[in-house]
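Two complexes follow with chain A in common, the first pairing it with chain B and the second with chain C.
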Partner chain A sequence: MSRPAWTRDPATPSLALFAGVVLTGFVAIGLGWRVAARTLLVAAQVPALVSGALGGLVLVTLGAGLASVQSSRRLAATERAETELLLDEAHALVQAFKARQS
Partner chain B sequence: MTHVALDVLQTGPVAQEESSAPGRLAGVSRRAAAIRAIPSIGTYLGVLVATVGLILLVIAWGKTAGIAGNVALQIPYVISAGFTGVALVVVGLTIVNVDAKRSDARERTRQLTELRGLLAELRTTVEEDQ
Partner chain C sequence: MKLAARLVTAALVAGSAAIGFVPVAHADSTTNLTPATSAWYQPNPTCPLPTGCLTGDSVPAPLPVDVPLSPYPAGTLHVGYTGAAANGSSQGQETARAYLGFPVSSVDGSVTAAALDVPLDTTQADGSLAPETSHIQACLVSATITSTEGSISTPPMVSCDAHAVVKYVATPSPHLHADLAPLLAGLLTTNGIALLPDASSVTSADAWQAVFSTPGRTDAAKTDPPVLKLTVVPSDVVSEPEVPVDVPTDVAVPPVSQPVVPGSVANIPDVTAPTVDVPAVQAPTVQQPQAAVTEPKTITVGYAYPIVWLLPLVFLIVVPLAVRALTTDLTPTDTP
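Right after this comes the complex of A and B.
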């Protein structure tokens, strides 16, 4: 009973968290719109604009940016692992050459 | 009798649910893998999301321009369509960015794997010559 590969990926929890931050940002924009649409008083709408809409936009940008960084780190880790294997193979080849010469 | 009924309740549907859960996960995983296998699907998805955002921005502009005399009526459109549009553009660009990086990384990893295979082949040849 093995779990699917994507659930075993160590980056999955953080990526899910960042996706949650992005979703929270959209929800905040929705709440800001709801509060602002309820009144025709600009003085009451501006706080909703700032806290809901701007705050939501910041959350979306933050979540997307962090997800991008985390995704880059995951890809870099995969490449590092592959480079490490390549170096091991090159080392083994050098040893084989040395053994042949001696 | 009660115990038997409870046993049935505990072992029947729950056991079925537990046994089908990994299958369902595997199915979702298979479907996700099939979608990911489509070339540049992330780029297309990101462009689509960013386009929806741009359309929302145009809608926000149209609605606010239509009611130029009343700021209180404009603000809800600025929030709902304007800010959501900008947020969707940000998300779309992020999806495109991540997909491009992933595609590049996949290609580099493939090259490294190929190089490693060649080195392994060379080592085997050297070891056989000894």
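Right after this comes the complex of A and C.
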């Protein structure tokens, strides 16, 4: 039984990791909101907002940014591989043309 | 070059991991409370008489008012003790005790530290007598505190099983200071704090009286009122209020804590009193109520979410993974 093609992509683990960071950020925002909403004590709300909301926002931004960078790197690697393949094909075509002329 | 890159990476990883050791915001706040009610009581002077203690129900008709017997200026509170007479004709006894009712119900959270500071009025004309030699203890009050000055009525019950020692401090200005750590468990559920002579420390040679001011004192000798300093930490922000808002806090007080004597002067409003002739009659028998036991309270200290200590491990795992992911060759292995 062979693995699906997308699981063999070298970018998949890293994209999963960054998606996890983004998800953790959303969870932190949710927890911060939950804690802050359950009390009227400002002294308890401030730590919840700092640790939850701001921390969660940082995680979401960081995870999304890294995922974007990784996607760009993957696209560039794919483009580079396809270019090399095209060059290989062109080289082979030139070699075949030379062999036919001689 | 490769070594330098590795060193930079290691420094970044270590720095990121160190972020996990930064303490998570933990809000401690200090709350200062002044007494909402205050009172001081003195022993009933009729008790040493052969007829025994004279109380309100021992007279033919109830006294219309709570007779104010304070010989001191209005707005002063007193805690005093006098030792035994030199000829041994009398034993040492408490001459005054004070009650301070603080609005602790307004405090939301757990109290991790508490201290009581009582600025002293050292004017002898106000009743002050060698306060530096005082031996005072602070106890929790389990009964309702009613404002009065120098009342001879039965004072509210106190629970001194746990008590704090009150010390005299001379500088910068004379005041009493008490670390209320022994009383933390019941501080937020009590009706107030009583200051009374420490029976375990007083000696027959003691003769002292500490005087301080109520918040409402207005004369020239007024001192700052007593201050209860609380260090409050929101014990658990997800916890519900311990006492429902619509339930009076008095329900926690056992009914035996407030002696109810028919016709007792303790139940009569404190107003200016006329002179009342009290006939001497047989002293009534008043059964002393048992001391109320304060409900123990668990105080949570430390981090509200100890799981934050795992953050360094998470950083140690995630950061190297991210660095590795961002430096790995992503060329597809099965390019069409």
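Here are some notes:
Quick note on the criterion: the second predicted complex is superposed on the first by the 92 of 102 C-alpha atoms of A that agree within 3 Å, B and C clash if a C-alpha of one lies under 4 Å from a C-alpha of the other, contacts with A are read in each partner's own complex, and residues count from 1 in each chain.
Note that contacts are C-beta pairs under 8 Å (C-beta built on N, C-alpha and C of every residue); 3 or more make two chains touch, one makes a residue touch a chain.
Small disclaimer: the values here were computed from a predicted structure and weren't measured.
Applying the stated contact rule after C-alpha superposition, one finds that A:48 touches each of chain B and chain C.
In the superposed pair of complexes, A:13 makes contact with chain C only, with no contact to chain B. In the superposed pair of complexes, A:82 makes contact with chain B and with chain C alike. When the shared chain is aligned, chain B comes close enough to touch A:60, but chain C does not.
In the superposition on chain A, A:99 makes contact with chain B only, while chain C stays out of contact range.
Common to the chain B and chain C interfaces on chain A are residues 5, 39, 41, 46, 48, 78, 82, 85. The part of chain C that touches chain A in the complex is made up of residues 24-27, 29, 108-109, 234, 237-238, 318, 321-322, 325-326, 328-335. For chain A in complex with chain C, the residues that touch the partner chain are 5, 8-11, 13-14, 17-18, 21, 35, 38-39, 41, 43-44, 46-48, 50-51, 66, 69-70, 73-74, 77-78, 80-82, 85. Touching chain B in their complex are the following residues of chain A: 1-7, 22, 25-26, 29-30, 32-33, 36-37, 39-42, 45-46, 48-49, 52-54, 56-57, 60-61, 64-65, 67-68, 71-72, 75-76, 78-79, 82-83, 85-86, 89-90, 92-93, 96-97, 99-100.
Of all the residues in chain B, the ones that touch chain A in their complex are 22, 25-26, 28-29, 32, 70-73, 75-76, 78-80, 82-84, 86-87, 90-91, 93-94, 97-98, 101-102, 105, 108-109, 112-113, 115-116, 119-120, 122-123, 126-127, 129-130.
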